[in-house]
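Look at the two complexes coming up: chain A is in both, with chain B in one and chain C in the other.
Now for the complex of A and B:
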C-alpha cells in the first residue's frame, strides 16, 4: 500500500475524510485572508465610488466612476505616475546592475579574505527601516552640517550644495539612498541565483572551456533566471510603492520633484482625508503594479516555453 | 479520460466564502461597537493620554507637569485616581496622526494639543467635545476666560465657526511669530558706527526701536551682518513644506505687502491670492534667502534653532514658544526677542504675525469617567498656581495676570515680544475650515517650489495655489465658485 493510501485510511479510521482534513487546515488561513485582504479590498473598492470626507461629518455620497474620471483628467496624477516610473526604473536598473556585479564577485571569490564580514556589512542597510535610513541620509545631505556637501565643497571647491532642496538634484539624492539600501538585496538574489546552478554543470562548462559570456548565457542564466527575475519583480513592486524613504527625506518636495504616487496617495488619504479619491488612486496604483508584474511573468513563461520547444 | 475532480465543489467553495465573509463582517461590526473606552469601575485608576508634538518644548513641559502634579491634585481635591500618559506626534504628522485616530473613533488619546485651524475638520464629525458647558459650570474657567490677554485668544484657540460662541478647546499655550536677534552684535559700538556709515540710519538696539522697524531696514541689517566667508549669515527662517512651516512666515510677509491669502467670508481664493501685492510679499520673503545659510530653503524649526544657538546667524524668525531654546546659557545676555518688522502700505504700517500655540481638545469618544477626568485636567490647568508654574518653566500663558507679572517677564525674556504680538491688531490665523489640511498642503507645495527654485515666478506660485485651492473648496462644496478654465494650463 502506498503512502497516500495509508494516510487516507488513517483519516477514515478517525471518521475524517482527507478532503475534510484539508479544509480544516485551510480554513484558518482562508479566514485570515478574507478578513485582512478580501474585506478591506472590497471596502476600498466600494469607497472608490463615493465622495467621502470623514472630516466633514457628512455621509458618503455615491459618485459612480466620478473619482476615477477625476483622476484620469488630473494632469498632476499623470505627472506623479511619470515621477514614480522614473524613480522605479532608475532604482531597479541601477540596483540590478550593481547587484549582479557584486553578486558575481562574492560568488566567485569564496576564499576572499573578510568575505563574510563584507557580506554582513553589505546587507546591513537592507534591514534598516526606510524612515530611519531616510532621516539618516537627510542629515548626511544637510548643506550646513552634512558630510556629503562638505566633501563636495572640499574636493570640487564649489559651494556646499543643497542636494535635497534643489529640484534638479533631489531625485538623484533620493535614488542614491535607495540604491545604497537595496543593492544588497539584488546582490543576495544574484548569489542565490548562481548557487542554483549545479556544480557538475559548471564543471562541465569549465572542461568544455566555454567563455565567460557563454557560461553566463547557456549555463547560469537557465538555472538562475527564476530567482533573479523574482528579485527584479519584488524590487520593482517595492520601488513602485516606496513611501517611507521619500517621506522622511523630502516628503515629495521640493515642489513636485520627488512626489511619487505613494506620497500623493498618503496626502489624499491622510492629509486631505478624501477617502473616495484616495481609494480610487490606491486601486489605480494596484492595477499598475499588477500590470507590470504580469509583463514580467509573461516574459518569464514565454522564455520557458521557448526553451521547451 | 476525464480528469478526476479533486478540489472542493462549487457549493462548498461558496459556503466557505460566505462563512468567511460573515465572520469578517461580524468581527467588523463587533469592532465598531467597542471603539469607546469601557467605563472603568470607580475604584480603578483612570489613565488619560495626552498627545503632543515630538521635540516641542512647550508640550514636554506641560506633559511633565501633568504627570507629576495633576494626579496628586486630582486625588486630593476630587478623590479621583488618575495617571497621565504622554504620546507624541512628529511635526510632519501633527494633524494627520490625531485626525486618523479620531476618524477611527478611537479613544487612544484623551486630550490632544489641537490647533484652532483644525476645528473645521474636528468639529464637523464631532470628534472633539464642546467645552461650552464646561466653561459655563466652572468658576475657574470663567475667570480665566475673562483674564485672557486678548479677545483674539477665544476667537482663534476656542471657537468654530471662527469667532462664534461655539467653543471646542481651551488654550494650553499661546504663541506667535517673533524675531530673535543677537543683542551683543547690535550693542557693539564698532558695528553701530560701521552700520550708520553704510546705511545712514542707526542699528535698532531697543525693543521700542524694533517695534517700528520696516522690512526694508531689516533687510539692510541682514545684509550688514551676512558674511558667508566667515560662516555667519543674516537670518534663519522656515521654508520647509512640512506641516505649516513655510506658510506662516511667508503669509505674514504677503499680508505686510498688502496682499491676502483668501477671502475668509466668501472662501474665494482665485483673484485674491494671485494678486500683485501677494506676489510682491512672497517674492520679498523668498528674497530673504540671500542672507541665509546654504540649504535654508528647506529649513524648519529645529534648523533655525540650531543655526541661531550655534552662532551661525544674526536673527531667527521663530515662534515665541521656542524662547526657552533660544535663550540658552551660552547665549545669556546675547539675545533679544523683538516684534517682527512691518511695511507701510497706503500710509498704514502693517505688522502682521501668525498665531501659533495649541488648545486642549477633549476626545469625544472617551467614556464618561475618562471624559470627566479630562475636563478636570483642564480645570487644573487653569488654576493660577498651575499657570504660574508653567510660565516659570518657560511656557507661554495666555492669562493677563501671568503675562504681566514682572517676575515672569524677568524670567522669560521673550514675553515682552510675545505679549506685544499677541495683542497686536494684525495677528492672524487662517484656514479655519474642514479643508484646512488640503489648503495648507497646496499653498506650501506652490510656495516651496518657488523658494527652492523649481519655478522662478512668485506670480506662478500664487496662481497655481489659487487654482488648486479654489478647486478644492469648490469640489468639497465649501464655495460655489469654480476655478476659471484657465487654471487647466497652470502647472508648476
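Now for the complex of A and C:
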C-alpha cells in the first residue's frame, strides 16, 4: 500500500498537519462513543440526583444525594448485593472448576471417542438466549410435569418439590441452570489456555519427570493463566449482571430469594418508575463491577511483572 | 542387546511419512550422529527414541527391553529438543537444577553439577537471569545444559548447535566430544551441518526422506559414500555433475558436459543409464600437474575463497559451476583466467540418478 503515505503527504500539503489528520480519523469513533456511552452516562448521573417519576407528570425534583442516602440506608439493597454476590461467586466458582476438569479431559485426550460430537453438544447451551434457557428450565423444574421434580420423587420417595417456588431451593435451581449454560464457556477457555502452552515445554516436562501438579504449576499455569483469567473476568462480569435467566425463571422470587441487583434495578426503574433511585442503583452497580475488574486487572498485571523481573 | 535398537520403525501422519521402515542398532558408549537435510526424519528419530512420540509401526528396544510404548519417564533418556523449552518462571539456575532436584539429588551436589555444566557452556554469568531476559543463543545453551546435566546412559541431542555463533559452536563441538568420552554414554546427535558428523561421530547415520540411506564411520562415508546424499558431508560439498553412461567397446565412460570420465565396469551400470558423478574439491588437479592426464578440460576461474588452511576456487566449465581445492597450488589464481583442469578419476564415485545408489567408481583412466 504505497498509496497511504502519498495520501497522508497530500493532506499535509493541503495545509493539514499530521495531528489534524489524526483527529479526522479519530472523530467518528469519539462521536459514536460520546453519543452512546458518555451522554447516557451523564444523563444517568444527573437523574440520580433527582426524584423523577415519568408516569406522574410532575417535573423532576432535585434531591442532591437523597437517592444515594436512601439506598445506603435501605437494608434491602445490602441484602440484594449479598444475593448477587452469592450467585456470582458460586456460579463462577462451580463453572470454573467444572470447566477446568472438562477442558483438561478434552485437551489431553485427543483420541477420546466422540470428542468432536461431545464438544459440539457441550457448547450448544451457550448460544441460547438466556430468556429461552430460563423458560426451558422453568418447564424442567415445573412441580407438576417437570422432569427434575419427577425424578426427585422417583428416587427419594418425597413428594414432587416445587423447586422454583421454595425460597430454600430457588437459588440452587437458578444456579444449576447458570452452570449448565456457562460451564461450556469455561471449558472452552480452559482448552484455549492449555493450547497456549508450548508443546516443547510440555514434552521437556515429561522428559524431566515432573509430576502432574508440578506440570500444572510450572508449565501450564505460567502460559495458560492469561487466557484462563480472562475467562474468569468475563464470566464474573456477566454473572454479576445476570438478568434474563433469572427474570424468566423466578423474576427474583420467591420472596426475594433470587432477587439479584439487575432484577431490583429493573423493578425500580421500569415497574416502580422511580427513575432517580434506579439511576443511583445503576451507578452503584457499575461502581462495583468496575472495582471487580480492576482487582483482576491488577492481579494480571502484577503477575506479568513478576514473570519479567 | 545393549544400547538402542529400532526394528522396522515407521512414523506416519495420515499421508506423510516421518520415518520409513527404520531398522538400526545404536551401540552403547558411541557418539552417533544422524545426518541429513531438513525433513529427512532426524527429529522424528530423536523423538521416537526419547519417547515423546510413538511409532506407527515397529519396535524400539533398549538394553533388550521393548520400550516402544513406554513413557519418556520410564526410558530415562536425557534430551535436548530442537525447540528449546525452558520453564518460564524459573531462573536459568533453577531451570538446569530442577530435573536434578526432581531426581532427589542433594543440594550441594546439584550446585556443583550445575556450575560445572554452566562453565562448560559459558553461561555462568547468566545463571541468575530469567529465560525471557536471554538472547536466543543463550536460551539454546541453557537448554543444552539442562539436557546434559543429567547423569544418564543415553543422551539425545536434536540439532543443538544450529544457529549458534561460530566460535561457540567450535568450542561446544569439542566439549561435547569430551563429555561423551568422560560419561562413556551413548550420544545420539542430529544435525544438518556437513562438518559436525566428521568432527564428532564414531558412527554416522545418513537419513534422507525418512529413510536410512547409509551408515558407517565418518572416514568411510567421506571417502567412499554409497549414496549421493552422503556426498554433502564435509566442506565444500562434493560437486555433483549429471551424466550418461557410454560404452565404447570394452571401455566405459560417463559422458558429462565437461568431460568424459572413465569408470570401472560393474553389474549395476548399463549403457545410456542416467547417473551423477560426485567429485570432491580435492580431486581436481591443475592441468600442468603431470600426475593425471586423464579427463582434462578447460575452466574459468570465477571466484577464489581463501579460508586460511585451504583455498577454494570456484570454476565454471561449459556452464557447470565447480568448487575445487588445488592443494599443491599455493599462489592465487587470477580471476577470469582459463585453466586446464584434470580430475583424479580413480577417487570418484558414480551414483544412479534415480535412486541415488553408488553404481560404479571412477577408473584410473589413460594414465595407467
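Please note the rule applied: the second predicted complex is superposed on the first by the 284 of 309 C-alpha atoms of A that agree within 3 Å, B and C clash if a C-alpha of one lies under 4 Å from a C-alpha of the other, contacts with A are read in each partner's own complex, and residues count from 1 in each chain.
FYI, a contact is a pair of C-beta atoms (placed from the backbone, for glycine too) under 8 Å apart; a residue touches a chain by one contact, two chains touch by 3 or more.
All figures in this text were calculated on a predicted structure; none of them were measured in a lab.
Of the two partner chains placed by superposition, A:286 touches none, neither chain B nor chain C. In the superposed model, A:273 makes contact with chain B only, not with chain C.
When the two structures are aligned on the shared chain, A:207 is found in touch with chain C, with no touch to chain B.
In the superposition on chain A, A:139 makes contact with neither chain B nor chain C.
Touch criterion met: A:53 reaches chain B, while chain C stays clear of it. Looking at the superposed arrangement, the partner reaching more residues of chain A, out of chain B and chain C, is B. In the superposition on chain A, A:112 contacts neither chain B nor chain C.
Contact with chain C, but none with chain B, is seen for A:198 once the two complexes are overlaid on the shared chain. By the touch criterion defined above, A:219 reaches chain C but does not reach chain B. In the superposed pair of complexes, A:154 makes contact with neither chain B nor chain C. Interface residues of chain C facing chain A in the complex, by the touch rule stated above, are 50-52, 71-73, 77-79, 81-90, 98-99, 102-103, 130, 132-133, 146.
Taken together, the chain B residues at the contact with chain A in this complex read 8, 12, 16-17, 20-21, 23-25, 27-28, 92, 95-96, 99-100, 103, 120-126, 241-242, 293-295, 297-298, 303, 306-307, 312, 434-435, 437-438, 441, 445-446, 448-449, 451-455, 472, 476, 488, 491-492. Those residues of chain A lying in contact with chain C across their complex are 198, 200-201, 203-211, 214, 218-219, 222-223, 307-309.
The touching residues of chain A, counted against chain B in their complex, run 19, 23, 27, 30-31, 34-35, 38-39, 53-58, 75, 79, 142-145, 149, 159-162, 164-167, 247, 251-257, 267, 270-274.
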